[in-house]
Structures are given as C-alpha cells and as structure tokens.
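Chain naming follows the written order as A, B, C and D, and within any one chain the residues start at number 1.
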Amino acid sequence: MVVVMKENATEEQIQKVIARLVNMNFDVHRSTGVSKTIIGAIGDKRGVDPRTIEVMEGVYEVLRITEPYKLAGRTFHPEDTIIRIKDVVIGGDEVVVMAGPCSVESEEQIDTIAAAVKRAGAKVLRGGAFKPRTSPYSFQGLGEKGLRMLREAADRYGLLVVSEVMDKNKVPLVMEYADILQVGARNMQNYDLLKALGRVRKPVLLKRGMAATIEETLLSAEYIMAGGNYEVILCERGIRTFENYTRNTMDISAIPVFQKLSHLPVIADPSHGTGIRDKVAPMARAAVAAGAHGLIIEVHHDPENALSDGPQSLYPAQFEKLMQECQIISQAIGKKMDLRLPPAKALAAG
Amino acid sequence: MVVVMKENATEEQIQKVIARLVNMNFDVHRSTGVSKTIIGAIGDKRGVDPRTIEVMEGVYEVLRITEPYKLAGRTFHPEDTIIRIKDVVIGGDEVVVMAGPCSVESEEQIDTIAAAVKRAGAKVLRGGAFKPRTSPYSFQGLGEKGLRMLREAADRYGLLVVSEVMDKNKVPLVMEYADILQVGARNMQNYDLLKALGRVRKPVLLKRGMAATIEETLLSAEYIMAGGNYEVILCERGIRTFENYTRNTMDISAIPVFQKLSHLPVIADPSHGTGIRDKVAPMARAAVAAGAHGLIIEVHHDPENALSDGPQSLYPAQFEKLMQECQIISQAIGKKMDLRLPPAKALAAG
Amino acid sequence: MVVVMKENATEEQIQKVIARLVNMNFDVHRSTGVSKTIIGAIGDKRGVDPRTIEVMEGVYEVLRITEPYKLAGRTFHPEDTIIRIKDVVIGGDEVVVMAGPCSVESEEQIDTIAAAVKRAGAKVLRGGAFKPRTSPYSFQGLGEKGLRMLREAADRYGLLVVSEVMDKNKVPLVMEYADILQVGARNMQNYDLLKALGRVRKPVLLKRGMAATIEETLLSAEYIMAGGNYEVILCERGIRTFENYTRNTMDISAIPVFQKLSHLPVIADPSHGTGIRDKVAPMARAAVAAGAHGLIIEVHHDPENALSDGPQSLYPAQFEKLMQECQIISQAIGKKMDLRLPPAKALAAG
Amino acid sequence: MVVVMKENATEEQIQKVIARLVNMNFDVHRSTGVSKTIIGAIGDKRGVDPRTIEVMEGVYEVLRITEPYKLAGRTFHPEDTIIRIKDVVIGGDEVVVMAGPCSVESEEQIDTIAAAVKRAGAKVLRGGAFKPRTSPYSFQGLGEKGLRMLREAADRYGLLVVSEVMDKNKVPLVMEYADILQVGARNMQNYDLLKALGRVRKPVLLKRGMAATIEETLLSAEYIMAGGNYEVILCERGIRTFENYTRNTMDISAIPVFQKLSHLPVIADPSHGTGIRDKVAPMARAAVAAGAHGLIIEVHHDPENALSDGPQSLYPAQFEKLMQECQIISQAIGKKMDLRLPPAKALAAG
C-alpha cells in the first residue's frame, strides 16, 4: 500500500498514519519530498480495505500495490496452466472448441447436434440442464434428465461434457455427468457456490460477470483455487456498456489482459457475448485472433424452434465454416486447431 | 410485439412472419404504408424471445410492447403497496430508516449501535451475519451467532431486524431472526434464492444488482412475487459506470422511475451507493428529496476498528444530524419522518 | 509518481527505472521490501504520461500521485470561489437558479417564459441561440437574432443571461449578449474553444461531458483557467451508462465530489440529466439536497409546441412549486434561496 | 413511429394522440386489441422527437421505426461504398493499413517511420500536427510545419496522408496537405466541424466518440454526407466502460454491426482502443478477423522518447510481424492484404 499525504498534512497526521500501518504489521518507508510525503507500506496483507487509511486526516490518496489474488496470478506461477481431460488439452497451443445447444431439449435434439459439432471439430459438448432465466415465465431446463441425455450423446461421439451448475447443492449431481462444471455470469460472485467448487476436483469454467472487472473475475477464480481446485478456465462473454445494439459488448481485449495477469486458460463465448447469430462468427474469429485458448459456441440444428437462445445459435453449416476459418487464423499466431481435415481443404473452404 | 419490416421486404417474407406470429397465438394487425409494413402482434405472451422474429428474413426490427413483469408493475396494481411490520409502515408517506453496522461483530458492538440508531429515529436495525466478500481472504461474518445478537439488540430497543440471506438453504435460519430478508446486489439474479423467497411469507428487501437495469430489477421482484410473496421492497444501491471516484454511481433517478413503473416501496442505500463516509449524507438527503420511501445506512460507533466497511460507516453523531436534515427534506415534499423530536428542535439543528 | 516493481524484477531493471526518473527531473526515493521494491518519484511534473515508465521491463504498476490539475483543485486554493455578476452571487450559501427554454424561438415566447421564471425566483435566464443537434435534420437555433431577444427579455425582468457558445469564432458574439458563457457537454473537450474562453473575462458554465470523468471535467476547467479566466462554474448533467430508461444517469454524487476536489461552484442540470419532464423535479430537489450551488432548468409555457426539448421542459406552475420545495430543502442544509416570498407561504405550498 | 397506449387509456386520450400525429403529417393506422391499442404512424419524419408523443396522457411507450440516418444507411444504398484515392482502394476486399507516429515531431522522425511502415506494407501515413490533449500542460503539436513534413515524407515513399483536423477554420489548411481528413473521437459531435467537412470533397475518417452509440456515429457521418461529401470512413477506437485496465474497451463487434447498418468502409484503431503496446497486435488481428476494411496504427522507431503516446506505439519490427499475421487472417475470410511479399514468406514468418 502506498499512502500519499496531502501537501498541507501536519507531522502529527503523518505520525498517526504511520502508527496505524505499523499496528497493521506493515513495514513502513517514509519519503519526504519538498511538498509531499509518501508512505510506503510493504507486506502481504490481502483482505485489508485501503479505505481504512483513506479516511484518516491528512491523507490524500491510498494506492494498493499488491494484486489481491495470489493463486490465480502469474507472480508466483509464471508458466501457463495446462488442463488435461482425457485426450483434450486446454491452455496449450491448441484452440479447443466447446459447442452445443443452449438447453438440452430432447434425446434426438442433443444427438443430432452432438454429431454435427463433432464432425466440424469440436472437442466438448455444451448444453444446459438448469437454466438461469431473467423471466420467471421462461423455460427453466430439463434438470437431471437433461444431464443424462447430454452425457449419453457426448459419449456416443467421443466428446467431453460441460454444463452449468447454478447452486452449490447441485454440484454433486452435475459432477456425475459433466467433465467441466460451468459457473454462469450471474453466479460469478455467488461465493457459496465458488467455495463448493473449490472442494471438488473437476475443472471449472468460470464466466466473467457482465459487470465484473478483470480483477474481480480473477478474485472469483481465487475463491475456487483457495479451496484447492486449481483447474479453472476463465471465459470472456461480454460486459454491459451503454451500447445496446448488441446484448453485451464483448471485451476482446480482456483475453490478452487475462493472459498477462494470470496463468489460467482463457476462452471466449461469442454467442452470449453478442446475442445475435450473424455477429457470432466475426467475434469467434476475433477471439481466436486475439489469442484465446478456446471458444464456447451455441449450435442448434433447428434454432427457429429452440426452447432458448435460438436467435444466437449457429446452424451446423455455419459452425463448420467458422471452424475452418478459425483453423487458418490460429496458424497465423502459431497456434493450431485439430479439425482432422487436410489443411489444404480448410484453406480452400475459407 | 410490433414487427417492422424492411422497406424492400417481399410479400412472401411478410406472409411468413405473419404465419409465425399466428402460430405463436398472437392477434395480428397489418399496417401497410407507402414504404414500410408494420405488423402488430397483440397478446399476453410473457417469456417470448423477440429475437425469434428478429432473425427472420425481411425483418428490420422487433419492438416489445408488453412489460415483461406483471405482478411488480403498476398496470394491474395501480395503488402503492404498503408493507406493515408490527408498528412500522413501509411504502406510505413516512420515510423509514434502517441503520446499523455492516457486520455484527460482538454483543457489545451491536448493542451500542442499536441504542444509537434508535435514539436518532431509526425503525429497523441492519447487520450482516453472512457476508459476501469479493476476496476469499476477508472476514465472512459470525453466522447464526451474529443473527441471534442482532435480534436480541433489536428487541432491547424496539427495532425491527433486516439481514441478508445469501443462499436458499439459509432462508429458514435467517427467517427465525429477521423481520425483513435482504437479497444482496450480487444475488439479485440468483434465481434459486429468489424462488425460495417467493415461498415464504416475510418481506424481502431486494437490492438492485450493480449491472442490473431497472427492468431486470423488476423482473427479479417478479420471481419472488410469482411464488406468492408480494411484500418486496426495492433498493437502489448504485450501479457500475466508468466513473470510479465513487465505488458505484448511485442512480438517484431510478427512485422516481421505479415508483412510476411499480407499486412496490423503494428505498436507497447511500452507504454502498458511494462507499465513502463523507458522501453518504449528501446522497441520503438526495434520495429522500427524490421521493424514496426509506433509507438503509451503515452506522458504527468505532468505524476505525470495524471488521468490514468501516470507511463507509457513519459515526452516530453524523447519523443523528442526517436524520434531522432528512426530516426537514421529507416535509418539503409532503412526507414525514417520525423522530419523536419536536420539529422546532430539528429545524434548529439543521 | 510511485513505481511498483515486479517481485522478480532484477537490480538492473530497477536501476534503469531510477535512471529514467532522475533524467525526467524527479526526486527519487527507493523502498526495498522483502519481496517488492517501490520507487517514489516526487516533483511537479504535470503532463508526464505514466505509461512511459509502465512499459519498462520489470515494472508492475505506476501510480500517479499528483492531481493533474492545479488551478481548479483545492490544494493551492482551499477556499470556495465566489462569482459575483451584478447582484447575483454564485458559489456562496445561496442556491441560484437559472431557467428558461431550451431554444429561443420568438420574442413573445422568451418574454412569457422570462416573466414566469422571474416570478418563481430564478436569477438567470437560459436560452439557446446556437443548438448542437444530434441529427442534421433538426432545428438549429435562431443565431444572433435569438441572442438579442434573450438579452432584451432578461433585461426587462432583471435577469442575467446564460447561453451556449459552440465554436471559438462565436465567442465575441455571444459575449456581447450573455453574462455567462455556456460550454455544452459535447464540447467539453473542444480544446480550441476552451482556450478561447480562457482569454476572455466572463464567467463560463462548463458542462460535464457525458463520458467525462470528474477528473477530466476538472482538466477542462484547468484549460480555461490556464488562460487566466478563473470564473468557471461546473455543471453535472448526467453521464452515459447502461441504464437507458432515462436519457442519461445523473451522477448526483459528483456534486459533493467536485466540491471536495475543487473550489469552483457546482450546479446541476436535471433537464438534460434525465430527459423526461416528470423526473426533473425529483432530481432538482436531489441536487439541492446533495449541496449543489445552483440549478439550470428548462421551462416552457407551451412545451407541446416547443421547437426542441419540449418533453423535458417544466410548465411554469411545476417550476414554481419546485422552487418552493427547493427553498425548504436548502434550509435543511444551512443554505438559502431568496424567492422573495414569505417562508411560511412556501412551507404551506410544499 | 409506433405509439403503444396504456391498457387503461381512454378513447379520448387515444383520439388526442391520433389528432396530434395526423397534424404532424403522419399516416395513422390503429390496431385495437383486447387489452391494448397500438397506433402506427408512418411517414418520413426525420428530426421528430418521439418524446413529444411520449409525454401525452394515456401513452405507455413510443417506438421509433425509421433509422434517423438516411444517407449513411444501407436501406437506400445497399452496395458497399468504395473510396479510391490514387491507387489505394478503401472499402473493397483489401485490408488497407494506415500507420505512423501519434505526432509529427521532426523531419528525421517522420522520414524514418514512413520508410518503416512503407516497407511493412502500409498504404497511408498517419501523423498528428494539431493534438487534442486532455491536459493543457502537454505537447500540442507542430502545426502547419508538421503537416508539411508529413506530406514530404509520404511523397518520398509513395504513401497517402491522413491527419486530424480539430477546428473548422483549419479545414482548408489540413486539406492542402492531407489525402484523408481525420475527425477525432472528441470532435465526433462538433457539428460545425462536421458541416464544414460536408462542404469539401476529400475523404473523411470519422472516429467514433468514446461515449457514442453506433447510431450516433452514423448520425455524425450523416451530417457530413448531408453536405454532399459522401466519402466517409468510419473508425472504431474503443468506448468508455467500467473496465479500466485498458484505456478504452475496444468494441470489436461494432465492426460487423456498422457494416450491416451502413455501406461505408469501417476501420479500427487498436492503438487508441487499448492504449497499451502489447495489446495493440492482438486487437489489430481481432479487428481484421471480424472483417474490418482497414487499420490505423501508431508506430514509432523510438517510442521511449516520443512526445506523445509512445507507450502505445509499436516498434517497426512488431508492426512488420503484425502485418504478416494480418495477411494470413485476411485470407481466412476471403479478403487480402497486398504486402508485396511472397505469401510463403509471410506464412513462415507468422
């Protein structure tokens, strides 16, 4: 913490601040300039509220100098975290794509979509069984039945499963079926849920809240990691701004920022990030070009009749084209996508 | 819903849209202008996603014309909701003040503060027993022990109790001790919690999320009311904007907007709305001047040593002065505050 | 400036930073902690870009410790600036109200409105002659003819004149007619205009830009003051946020923040701050309750037929009632409004 | 315009609204549903303020159905605008890059940088001669001398010139030297400047204001086009949001949205969009991947000693690598970049 005193602060005020900091177990260094005094307080004091000093008399400003997160940051863990689930590796130089419908609706629906996304090169099947809906009058998901359908379809096509868990009591249930547990944007600061996920040993996909700063997102990852679960995947999915042509404003620059501050893998969700089908592909490509470790995308074979988020779901053919475009883009920055297609064909299709 | 077709939309595209709307059970009215066709779709279809039509070919724009909330809105409930708890009336012409520490810390602490806020004219004692903290390394509250201390102190001074419930499983526990159940800003869209609160019969204080629109806040109230619990108090507590001198930007204009759209009582939380002690009083006065039905304010007798939010807590003397100022302001707009002090004295103090 | 080095910064990196700072004429103080090194750089270096140091190797963060404004800040000018124009005093303990139509439309219109706002207690007549309009197809103002009408009406009723100047070339023209020169929100960072206003000797009413931080607003005031014109009135008029029920979100808390950081008078514009007539009065009252030195309000006797901003203009009767409410509120915080009405009558009307 | 009446609106209120709309020369269509009445008002009425109807009694909501811009929109101009300047084509399938220093500082500086950006494949040289600076104490540009140096350097290397014009009086001067006239973000709503640019016949590069919606940006383009100058290039350069790790939040999704709504070319400015050197390349690549027609990038051979924006300027080697990455990305989406390098070499370098 650095405490900047006012130009006209009295010596007594300065001494009081120093005494308080010493009392809080900080190492204190004082720099007295011609017009200003600065007090450096050094020590590992996570959880201290800088406003405690800020309200003292004679204080102009208090500046925090320690990242409030430790496990999620690069300082003590400079190398990238690589998460391995079966034969899928997240966080390395491969761009991993998770795809599927917003909600699991029926066995046939999830099977059709699983086949389509597998064919196009996805590695993980997404699908919601418990849906957080803004309106109490909207479809709320199939529950456990949906999870079972999702797992069976994924197994049929050799895909992993990611699905959202909305409540700490549902963690054991969702764990039975999913390989990756997703925390939705609205729950990013549901601390009871985060703590429960800290106690399990399954990778967690943590979506950035729509009003969450990058730092707060890392603090939510810290909650999970503080419990001993180090396999957290960060996900940018759009923030709320004054521009409302798109549902949210996808903060593509958060991808390289997260990667600078943290060693955790970072993926992007252009479906929720934009909320409009014809903006999903451009933003998916942008995320890969900016260096994302992966994508999570809504795909539906019959979006007109989808029970939720149809308007932002890609058709399978659109998804396939997008995958091929992203493969080329990933090569431009020294990454790769394993689509099991000859690169020449991919280039031609682009 | 009103569907505006593009100027060059074909008759076939128009017919497809009409067919789809009829299929969704809307009454359809078509207006054909020289250059544009507009299709009005009338019917009570809550939960329909307007983007379903928006992505159809030939469609320029879809405009929603029904409020998505019904129970929380004024349309079917024009008169103000009045909530009576013992002898306290919230939602009428009295400005009701809830005050107390951020967290319950000890028996002595809560007793001292309860006495002080009672003396100044507060009607409800606030205090957290379960604290949602951004950092996993911060104080997390005393739990049930804290709730018991809070209740006992309140009873000693004839105050009601409001306290936050963070998880649906804790609803029965908090209900035992509190008269009003508070939903924090971070949980405003924790739908499992909202549904659980819909099933109980105690007033709920619902804080606006820091990125929640006014409409989304009313939809969260609707979740609770859809379960049969109609006693919801809305609370403005600051939204996230680009300005970060203050922790949040308190949206004072939301107070009259909520009151226009909804019949529910609206209070304001200037402590979290600003995050800085010397801004609490101006914003509390502003909220009353804008017509708020009440205030919820953090007060601490020893904020330097508070375990949380000390820097935004008022000293008892500041709180007392504020109450007297608010009493005069409430009179300016035909409201009142019952401070059990002769108005003359209050005026002189102002 | 305080430079925080990374935990693993090398001694060589630290030395390079120190050399660079010395080279920039800073006094340098080094604090070496167990894990972190902090470098304090003290000196009055306005205009230095902290990112210059931030991009150096081994640097974790650079924190600015000097306010970038000097003339507008309280540090070297602790007492409030009081602006006297004829018999009107702005910045003292009287709440001064400026009122009038958005645009001057005709002699009769401005005369009718001037009479009405004078009767209610306004001290300054507002009215636009050059209108900045988002659409090129909207009414753009009467120009000099409008200014003349405005001045004549003001003189007839003993009012001062405030009017907007949009371009530096128009400064001499507007100066001929107005007592206060207004800079609109869209021009808050039109630096050529600000410099031109720095060279004149008339008070300037500077509106906060809709995306301007409090600091940037003070820097724009600094531009004017750096030219020698110290009579600047700051005006909060709403910022752009994700909430769009209201046109802008009025940042009432900016009023006490401006007053803490700066000695300049601060007024509020609830007409543009909300954009909706029935929200103007609550927000005007809120601004006074928060401590504003004045208000600027749009009033029109026939808003249905106003050429601009009719929907946010108050009717004269609404304005009169508001003035009486504000008078009571100003008393609550030790201020006053001179309505030339017996206070008893005002109280009864409230 | 579509007027939605309240459910309990009286027939008299409905008739008044209809009369008013007829009076405003709209074609009126009425749809009476079981519970709600909707009034469609059709006609080309740009510049009408919908709030005029919104404040009438019985009105629930007014929805605008016409884009407020006409020349900038796709409705009457479906095909893309292609701007040809000498042998450079902007708006077609080639991604055009503009690059150079923030400010022109000296003949040697601009020559060195012009050579470097030309070699890497840029087509246009950027450089500021008049600088809008937030602080009055910062470097303000070399003025005409700077423009001359810029032109000479560009001519030496066969580059076009883009430079900012900040004031309408400077339009003739900047026109003498520049091929493209740039309007900065802070001037996006400086209507006098926009009108002046409407009267000239040179392409204008219009930067989106940092609080400007997509629609407002198009309205500013409309101002220029309404004067007869149809060659406007839109530029996304970041908007202001609550996230302040980056200077602005670059709204990459605005690129495809602008392209859907308007026929004008759209480029991106990742230098100002992020404000940090190591975020420029990821965001430049993201913009190309999202479909931008071009980029404008700050490059400096000695950014440590740049007089402005050094920390966000790329080194020439970084710029060269970025160009090669962008070339591959542009191919992924059926576009191209003419770097005059064999594609094989480019691929290897990527």
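Going forward, contacts are C-beta pairs under 8 Å (C-beta built on N, C-alpha and C of every residue); 3 or more make two chains touch, one makes a residue touch a chain.
Just so it is clear, the model here is predicted, and its values are computed rather than measured.
Enquirer: Between B-C and C-D, flag the pair that has more C-beta pairs in contact.
Expert: Of B-C and C-D, it is B-C that has more C-beta pairs in contact.
Enquirer: From the centre of subunit C, which other chain's Cα mean sits the farthest off?
Expert: A
Enquirer: Could you tell me the distance, in whole angstrom, between the mean C-alpha positions of subunit B and subunit D?
Expert: 39
Enquirer: So the centre of each chain is just the mean of its C-alpha atoms; given that, what is the distance between subunit C and subunit D in Å?
Expert: Using C-alpha averages as centres, the distance is 28 Å.
Enquirer: Going by the contact rule already set, what residues in subunit C reach two or more other chains?
Expert: Touching at least two other chains: 211, 240-242, 244.
Enquirer: For the complex, give me every residue of subunit B touching subunit A.
Expert: Contacts found on subunit B: 46-47, 49, 51-52, 54-55, 68, 132-139, 166-169, 186-187, 189-192, 195, 209-211, 216, 219, 222-223, 226, 240, 275-277, 303-304, 308-312.
Enquirer: Which residues of subunit D touch subunit A once you look at their complex with the stated criterion?
Expert: Answer in residue numbers: 211, 213-215, 239, 241-246, 249-257, 260, 273-274, 278-279, 282-283, 285-291, 325-326, 328-329, 331-334, 347, 350.
Enquirer: Using the touch definition up top, name the residues of subunit D that touch subunit B in the complex.
Expert: 2, 4, 6-8, 27, 29, 31, 33-36, 38, 40, 42-44, 60-61, 63, 65-66, 75, 240-242, 244
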